[in-house]
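Okay, so chain A shows up in both of these, paired with chain B first and chain C after.
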Partner chain A sequence: MKDIIRQLVETTGPSGYENEVRAVVQKMLKGQVDSMKVDALGNLITRKGQKGQDGLTIMLSAHLDEIGIIATHIDERGFVRFTSVGGVHPRNAVGGRVRFLKTGQVGVIGMEPNQSATSVHGLDKMYIDMGASRRADVKVSVGDVAAFDRPFEDLGQRLVSKAMDDRIGVAILVETMKQLKATPHEVVGVFSTQEEVGIRGATTAAYGVDPDLGIALDVTLTGDTPQAATMEVALGNGPAIKVKDSGMISDPRVVAWMEAGAKRARLPYQLEVLSGGTTDARGIQMARAGVPVGCLSIPCRYVHTPSEMVDYGDVQNSVKLLLALLSKPVKLA
Partner chain B sequence: MSAFKRNPKWQAPRIGATELKLLERLSNASAVSGDEGAVRAIVLEELKGIPAEVQVDALGNVLVTKSGKGAARPRVLLAAHMDEIGFMLTADDGEGQFRFEAVGGVDAATLAGKPVWVGPKQHPAIIGAKPIHLTTASERSGALTADALRIDLGPGNGGKAKVGQYATFATRFTRLGPSLLGKALDDRLGVTTLLTLLKHAPANIDLLAAFTVQEEVGLRGARVAGYTLNPDIAIALDCTPAMDQPTWDGRENTLYRSRLDDGPAIYSVDSSTLSDPRLIAHLQETAAAYGLPYQMRQPGGGGTDAGSLHKVRGGVPSISVSVPGRYLHTPAAIVRLDDWKNTVALLHAALGHFTRDTVKGGR
Partner chain C sequence: MPMEDTKTLLKEMISVAGLSGHEAPIRQILERAWQPLTDELHTGRLGSLHARKHGLGKGPRPSLALVTHMDAIGLIVTKVNEAGLLHLDQIGGIDARVLPGQLVTIHTRTGDLPGLVVLPAAHTLPDDAASSAPTLPNLRVDTGLRPAAARRQIQVGDLVSFASQPLELDGDLLAGHSLDNRACVAVAHETLRLLQSRKHSWDVWAIATVQEEATLFGALTSGYALRPTLAVVIDVTFAKSPGTPGHKTYDLNKGPTLDWGSNTHPKLLAELQTLARKLEIPFQDAVYAGGHSGTDAHFMQVAGEGIPTAILSIPLRYMHTPVELIQMKDIERAGRLLAEFITALDDTFMDKLQLDDAANGEAQS
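Then we have the complex of A and B:
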């Protein structure tokens, strides 16, 4: 599965510009699912299985997009001013490298001088140095989009890359759709767009899919690093079953079903309460007349930096748990 | 996507005395979010001369369907908001003085000492300010907020207004040579543009028009208008700030958002929408084929009706095009007539080249 992960994280796809990542997923799933289609906002909707007598239409959603930047101005000396697409924190930007989608050109993020050595300017006082000396030499236009550039690193049990949020969810969903054999359900694997700017793709995808049950696959924060904010979730303790985050409260019946499934399959899991942030599950929950939802989270350190870290065991156990859950009828009670 | 050829028969809709007169009427009308009746009446009156289906929905949006001819026409929705920022009277302090709060995004620094029109009859009043004779240096250094200010209709005029009524800045539309000055040009320019385009609708599309309510308080009208009209493509017509003046220290201005005289501002990213790249390309290719100017609006904050429209039902490929304007959301904005003319021309030419294939496949 590491090859799939590497390929996905090393492809660029900031919010609104997910087409390259989508193409990679389409290739991975060719012949492995019953149908694939792309909707008006660029969501990839894949389906497998028929809804039997005890079956449901179950929507799984993992987002294709990653955080990125967009050019706002090219100054006389060729420095590119920019703003964020999604949650780019200024302290994670300085010294970063970004690659523009249109040209493949790389630039380095610099910052105007600051009186304090420890404080950080906002993005409006930063710029991208494309290695040029004049505006005329820069092949970047206002509105051009770039993604952070950093290669995948396999540390053995732990994997590090940019865009683990949420390519690791994408990898888990690809693997799940591929390995899924007998299911009483119509399983709809949605590779969604524009999550990082406000759960936009999953919102419209859920309207189109009209599911009976929804599960988002996304990363979550951890409390297992030096002086970390108090949080139960730790890398390596298994996939996290979300109870609540700041935008969504999981249906308690869905939480119970996921917990029971993990116990039955003898898989490790942890319960997650996230104080800031939310996932595609919020968009699914609010679709049409409402949908029972839950979320399977992959614990991840350093989220929204160019070095997001996950545990390979958590990733593999996520696939196993999803396959176990999807292979049997669902009784929410 | 392949570049397309200019339609040799194409002519830009004329923006002349009639359109300027209409814009003047619309700009001078009071229609704060939630109270769009005065502008809606003008819109409905203008629509009488256009053969199209017209309805007013539950929130007060005016929805128009102008069908084209031929097979496989895309349903293209254009939206322009009828509402403007303003004030609501919240408490009667007696003697013609009212407490008030802002409706929509108003900077408190722009309030003190400004004339306003109160209520549907546009009674003249003033947001009273302490005269300089009586202020201290420290009072003069900070901006007064709405709680510290009153709308004053003058002693004895308390009966002319009541709590719950709206007020707007009292600014009469004025032609300034190559420029236009007025209140509420955001978005009466869009409203006038949309009426003009309906009168010259190309036949290759079904042109759906939404004159929306409550944009300034959170893109509320567009959300339900988009649901009803259920389009294939959506374009919001709006105004965007131009902060294109020289900087105070002579350094290069890198945060201008848009610039006067550079033509219609095409959106890539704002807080509400990531424009569909196929629609960005469509507008850019139209501009190239027809020799029309445009500028890319600087990506960043702000939002338009597109923020609601792209998320309705199963999703709608969407974009926004704005006329750049200085001093938006203050008593008076300034726009260039040529930027408006070029906006109407670009939109009209672009509409003529939409097909179902424009947004076929994945974005």
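Then we have the complex of A and C:
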């Protein structure tokens, strides 16, 4: 599975520009699912299984997009000014490298002089240096998007890269759709767009799919680093079953079903309350007359930096848990 | 005294939890209370309660929805620490300044436990914490359990609710937790109660929504599912208390407020005002800022193809604390106004809400 993860995280796809990532997923799932289509907002909607007598339409959602930047101005000397696409924190940007989607070119992020060694400027006082000495040599136009550029590192049990948020969820969904054999459900695997800019893809995908049950697959924060904010989730303790985040309250019936499934399959899991941030589950829950939802979270350190870290065991256990859950009829208490 | 029924129900409602996303306890009370007052009752996909009282008109009848959220703010366990004390996050917006010393109930998988909200000793807190109002990250819940027992019985994600009991004060005042918004659920109940002895041609939906304090998704999804012709959202507003600014607060015991703003259909509001004046039911004018009423009306208005919506509010002191306080008389007045309004709805009522002035023949003049 590490090859799948490497391929996904090393592809560039900021919100709204998910084409290349989507093409990678389409290739991975070719011949592995019953159907695949791309909807109006670019969501890749894959289906497997028939809704039997005890079955439901279950939507799983992992977002294709990653945070990135968009060029706003190029000056005479070729320095590119930019703003963020999704939640890019200035302190994670300085010294970073970005790769432009259109040309594949890399630039480095510099910052206007700052007397303080402990604070950073906002993004408006940063620029991208493309290594050019004049504007004519820069092949970047206003509106071009780029994502952070950082290679995949396999540390053994732990994996590090940019865009683990949420390519790790994408990898888990790809693997789940591939391995899923007998299911009483119609399983709809949605690879959604524009999550980082307001859960826009999953919201419309859920309206279109009209599922009976929804589960988002996304990363969550951890409390297992020095002086971390209080949170019991830790890397390596298993996938996290979300109870609540700041934009969504999981349906208690879905939480109970997921926990029971993990216990039955003897898989490790953690319960998660996340104080800041939300996922595609929010978009699914609000669709039409409402959808019972939950979220399977992959614990991840350093979220929204170019070095997001996950535990490989958590990743493998996520696939196992999803397969266990999807292979049996669902009775929501 | 018939209003006593409603008061009894309200006291029962503010004696249970039913935090946002976990409304089963309050929904069960309302199922029992509304079943005899309505013709149909079912639970929506996210848990909102939908109760319909049929009108006398020929079908398909238009409908007016009374939209009141039944969920309450509260706390949720984020960690059980080495000492067995609980760390907390909020469900909805809690005013953390009033939390230290409160009695709470921890709802565990194996049953309810009592607990106390405690503020750790000043020397264990960040430097500035001792001299300022406490914030949630610095508060703990002590259950008295030994660490091992606490860790065995209590899990991350367990809910924590206020344990304060209803308190009746002189002058028909009622205090307690969750009066936001169960005082307004009581208004819907009072309206249904009054309608039992009246003839009305429209259908009435009493909708007790979920998740208002967190996401407003109850109103959004019930609006989509039921598509009422009109909606009146009933929620609480800020009442005057010592030291509050006069231009941001309303009087207790001077009737409900009828609220202006962009979630409000101006002509529906005008009809409510006109009727209240005609019946000499006191009400207060209120305006909400910023285009967002902060109520279920925000999403009810844009559910489906759009629903003309008005907002009626009950003034309440000490919002989002365990000692919220209301005047029962305001509930009675609101219930009477809504019952009269529903009784007066007829086949031509929707013509009065026409926003297209050209269709009204006014633009040509």
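Methods note: the second predicted complex is superposed on the first by the 333 of 333 C-alpha atoms of A that agree within 3 Å, B and C clash if a C-alpha of one lies under 4 Å from a C-alpha of the other, contacts with A are read in each partner's own complex, and residues count from 1 in each chain.
Criterion: a residue touches a chain if its C-beta (ideal position, glycine included) is under 8 Å from a C-beta of that chain, and two chains touch if they have at least 3 such contacts.
Keep in mind that what you see is a predicted model, and the values were worked out from it rather than measured.
Asker: Let's test your reading of the overlay: on chain A, do chain B and chain C clash or fit side by side?
Answerer: In the superposition, chain B and chain C stay clear of each other.
Asker: Looking at the overlay, does A:42 come into contact with chain B only (first), chain C only (second), both, or neither?
Answerer: In the superposed model, A:42 contacts chain B only, not chain C.
Asker: Which angle, in steps of 10°, is spanned at chain A by chain B and chain C when each chain is reduced to its C-alpha centre?
Answerer: 60
Asker: With both complexes superposed on chain A, which partner does A:285 reach: first (chain B), second (chain C), both or neither?
Answerer: Touch partner of A:285: chain C, not chain B.
Asker: With the two structures laid over each other on chain A, which partner does A:149 touch: chain B (first), chain C (second), both, or neither?
Answerer: neither
Asker: Would you check which partner chain A:10 touches, where first means chain B only, second means chain C only, and both and neither mean what they say?
Answerer: It touches nothing on chain B or chain C.
Asker: Of the two partners chain B and chain C, which one touches more residues belonging to chain A?
Answerer: It is B that touches the greater number of chain A residues.
Asker: Which partner does A:231 reach: the first (chain B), the second (chain C), both, or neither?
Answerer: After superposition on chain A, A:231 lies in contact with chain C alone.
Asker: Please provide the least distance in Å between a C-alpha atom of chain B and a C-alpha atom of chain C in the combined superposition.
Answerer: Checking C-alpha atoms only, chain B sits 6 Å from chain C at its nearest point.
Asker: Taking the two structures together, which residues of chain A meet both chain B and chain C?
Answerer: Comparing the two interfaces on chain A, one with chain B and one with chain C, no residues are shared.
Asker: Quick one: which bits of chain C touch chain A in the complex? Just the residue numbers, please.
Answerer: Those in contact with chain A are residues 20-22, 44-46, 76-80, 87, 89, 91, 137, 155-157, 211, 214-215, 217-218, 220-222, 224-225.
Asker: Taking the complex as given, what residues does chain A use to touch chain B?
Answerer: 15-17, 19, 22, 38-44, 70-73, 75-76, 81, 83, 85, 124, 141-143, 193-194, 197, 200-201, 203-205, 207-208
Asker: Chain C touches which residues of chain A in the complex?
Answerer: 223, 229-232, 243-244, 247-252, 255, 270-273, 275, 282, 285-286, 288-292
Asker: Tell me, which parts of chain B touch chain A in their complex?
Answerer: It is residues 252, 254-256, 268-269, 274-275, 277, 280, 296, 298-300, 310-317, 359, 361-363 of chain B that touch chain A.
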